[in-house]
Amino acid sequence: MSAHSSRSAGAGRRAAIAVVLVVLLSPFLWLLQMSFKSNDLILQFPPPLIFTPTLENYTSLWHGAFSASFINSLLSASFSTGFALLFGIPAAYALSRWTGSGRQALGFAILVTRMAPPIAFTIPFFLFYRWIGLLDTITGLVLVYTSFNLPLVIWMMQPFFETVPRSLEEAALVDGAGIRTVFVEIVLPMVTPGIAATAILCFLYAWNDFFFALILTRTNARTAPVAVVNFMNYEGWEWGKIAAGGSLVMAPVLIFSLAVRRYLVSGLTAGAVKG
Amino acid sequence: MTATNLIDAERRSFNRWALAPSLVILFVIAALPALYLLAASLTPFQLVNPGSSTDFSEPLRNYRLLPGDPRFINSLIVQAKLSFWGVLFQVLLGMLLALLLHTRSRFVALARTFFLIPMVLPPIVVGVIWKLIYTPDISPIYYVAGLLHVTMPSLTSSVNFALTAIIIADTWEWLPFTFLMVLAALQTIPEEYSEAALMDGAGRVQIFFHITLPFIAPILTVSAMFRLIDSVKAFPLIFLLTGGGPGSVTEVTNYYAYLLAFDFNEIGYSSAITIVMLMLVVVMSLGIMWMGRNREALT
Amino acid sequence: MSRIKSVRSVSAVSRRKLLLTGAATAATAALPFPMPAIAQARPFAGVTLHGASFQHRFFTILQNYIPEFEQQTGMKVDLQLSAFPVYNQQANLELSSGGSAYDFVNVTFILAARWVAAGLLANLDEFTSDPNLTPADWKPDDFVEGAQVPYRNAKGNTFGYSWEGGAMVMGLSRMDLMEKKGLQIPKTFAELQQVCAEINGTDNVNGIVSFQLHHWCLPPYIQGFGGNIFRNPPADIMPTLNSAEAIQAVDYYANLLKNYAPRGVITYTEDQARQAFLSGRSNIFIHSSAWVTPALLSEESKVKQTSRVVRMPAGPVHDFPASNSQGLGIPKNAKNKKAAWEFIKWALSPEMSMRIVREHGHSSVCRRSVIQSEAYRKLNTVNGQDLGALYLEVLELPAKGENYMAYRTVKEFPILGDVINKAVEQVVSGQLSGRDAMNAAQEQAVANLRRAGSAL
């Protein structure tokens, strides 16, 4: 262990990193390889590491009800991301330019909504949705996910807006441009990386959600994470399919989040700490 | 002057329009449910007794029953154990991992990306992964144990090991978080310090304890705080791996409240427990905000 | 009797046919006409019937025939199946909050008493007593008494009809090993323990296998030793979980699971247990006949030649094998009650039950006439074992003398079920002794009952 960051990695260190990586990722890799095995192979010990992979787990899942849940996840995650960005980005901008009091209180409220256990919200949401008939609907899910991604958007976009120099805006405003034009044509283009990262983080959170989907949906709006669990308890423990289901559910988020790894910490700490 | 006044007024109006929808939404999702929970916690509301939702005759009944409910007390203890050990290992191992990867190299930069995988997976998939590992029939670990003639009990149905099994899975999942945070902090340490110390003949361990550690201590604390708060939300792992069992050995407060609300439909009592959890989260969040304000190393 | 009825309905049908062929679909959908035995032009056209249950072979089989039903009635059937715990939780939530998302639901035995007592289901007597809605040859009394008890309220009204009977029997998959060791089929608890001890470890076979629903598996032992779950159900619902007999039962059962069962057995689902049994890796499996008889009847069984299915052993004081049933019911606020009744009537008719037995070998239906028929007997007698008679015998036992399954009809039973589950887990995993676990269970049960509003 050392703080010698300027020294480039020696072969020994690189080897150590590789080993640690494989060991750490082995549970994940185990799931992946199991999804390509037929059930007989899975129960076989010693586990054959060289085998003919099969796609039958994936295809049978896809032809079952799983594809519908995948689409539900896609719809609810995408729409909620869109709405959260729609409302959150202007709000973040307004907050970043606000000098008034109450900003701390708002920041605190945002932090609490991100940190509170979901059950605090599911009971009221469940009863309310039952009352107005939004249970087991995509709309219901979109509403919930939008509500919880909104604080994330505000919190993440604020620092980005703060990097936009006010002098630029002032100059344009003094020149007679309306503030809306300034916002859309000057400020927004400068924070597009932030928007992209925030969008993906919102999508990630909505996609990964399990608790809300478990309580607020039944079969019509069932999302992929819940479908995997539901599938696990069917008669017949088909491990191959379970592994394939898990792999399918994690595929989109893996791809997206590795694309925005720079902003992951910021997003996960509600931006209280810069990544 | 009139021009700037106009601009200010325009800005204020824009701000109001920009903020209004978000404020409304935030109020609705943050404040209203909290108020509803508070109200529900003052009633003996059960779904099967419709009249009980407005029965405020004995408002503090649920709160009075809490200290005498051994399952609730147990859930707090389980939560404390899970949080303590989980956070400890996540911070420790995350730090070690960051120290290992704190070098300049394209290979390492690439590897860094893959280390993030456990953290971005859907939590329920993490549960599936570890369920596979903990199921004796198909787990390589049990196979190896068998080869070594070691009889390993089924971890998730063993009183002594069930919570440990959860802690291991939880640590695996969130290690990347502290890893990222500490790595970022390590990269802010001015290199001249350690170089100077090296030239003065200091050993690596000394450098770590006297230079590195003080620098990253604030980040370690903040990471610990965040993980602590997040650990209260523990659900998917417990739901999939143990269902709170065996017995109530892995039943954390969040899970107990879930069972009460959605299996037994005791909404009133469950709300009281949830309010207690919320108080905890509020206190811890205040702690984070205070630390955020006082620590320059974070901005 | 039925012939006269049909004559009357023939003229009614011709009249109706004239009306219907001329009327628009919407109009016909509004007519709540029953479906007599003679084919009629789709009386429920345009209606979508929503139903839900947990995934079970019965529904998988039924789904093969639903298109016929849809053809005859014109309604579309949307049957949603979920995993057992997920379904129970969601259906319970839905019904408890007075929902109308479902027109018919499976009434799981765990929740039957709660739903009936809380008035969450529609009274089906209104349908069965109306000759226009239910022809007499549907015979509501044909259902085995023991299977119907959970669906009746105190006044004797019926709120569900059973589609599955669970008669607890004992299966032995490795008679070959037993014969090799000179062991007889155990008839008492003491003999059961002996046999388990002797077989366990031989040939890598476990003595016994069980699964995680301890509140189903344990009571027969409690009652076998002379105890009970409540003091005098259904009237006196004071729990008696820490009686000497109950403690003895837990110690006995936990001992079997600790020493003679596969690793991790307390987390086993029914299906995992069944697999262990059918593959011959565990010798004894005590559960509903539908889970045990596959050893003799199913394709996947590897132990067809070496299996026996018999009565479970008797305790020193009582011989009370558990029985339960799953039923179909109509939620109180369902939107299409008459259509739902059509479906239930069809799915549980004597004809459909017989077809399911004949064409799919699924025998845990609940109509006595079917169970006692020749065809049933032929299909379900294997290697000289009359499984149908055994099934019927156990299912009817609670109705014959003392209704020892009365504890199942107490609406607060789920609360005790949960407490019993935890207690057994604690004892098998070695966390607590039987005495300590049951004392704690008793305290928890009483506290939970009081908190839920029961006057104890």
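Quick notes on this structure:
Labels A, B and C are assigned to the chains in the order they are written; within every chain, residues are numbered from 1.
In this section, contacts are C-beta pairs under 8 Å (C-beta built on N, C-alpha and C of every residue); 3 or more make two chains touch, one makes a residue touch a chain.
Computed from a predicted structure; not experimentally measured.
Viewed as a contact network, the protein chains are fully connected, with every chain touching every other. Across the two interfaces under comparison, A-C and A-B, the one joined by more C-beta contacts turns out to be A-B.
Work out the mean CA point of chain A and of chain C, and you get 42 Å between them. Taking the mean of the C-alpha atoms as each chain's centre, chain A and chain B sit 16 Å apart. Multi-chain contact residues of chain A (touching two or more other chains): 127, 229, 232. Contact of a single residue of chain B with at least two other chains is seen at positions 262.
Looking at chain C, one finds that residues 93, 97 touch two or more other chains. Taken together, the chain C residues at the contact with chain B in this complex read 89, 92-93, 96-98, 114, 118, 120, 263-267, 414-415, 418, 422-423, 425-426, 428-432, 440, 443-444, 447, 451-453.
Those residues of chain A whose C-beta lies close enough to touch chain C in the complex are 126-127, 130, 135-136, 218-219, 229-237.
Contact residues of chain B toward chain A in the complex are 3, 7, 10-11, 14-15, 17-19, 21-23, 25-26, 28-34, 36-37, 40, 96-97, 99-105, 107-108, 111-125, 128-133, 137-138, 140, 143, 172, 175, 177, 180-181, 184, 186-187, 189, 191, 193-195, 198, 204-205, 207-208, 211-212, 219, 222, 226, 229-230, 232-233, 235-236, 239-240, 254, 257-258, 261-262, 267, 270-271, 274, 277-278, 281-282, 284-286, 288-289, 292, 298-299. By the touch criterion stated above, chain B contacts chain C in their complex at residues 44, 46-50, 52, 65, 68-71, 135-136, 153-154, 156-159, 242, 245-249, 262-266, 269. Per the touch definition, chain C reaches chain A in the complex via residues 52, 55-57, 80, 82-86, 90, 93-94, 97, 99, 101, 269, 271-272, 275.
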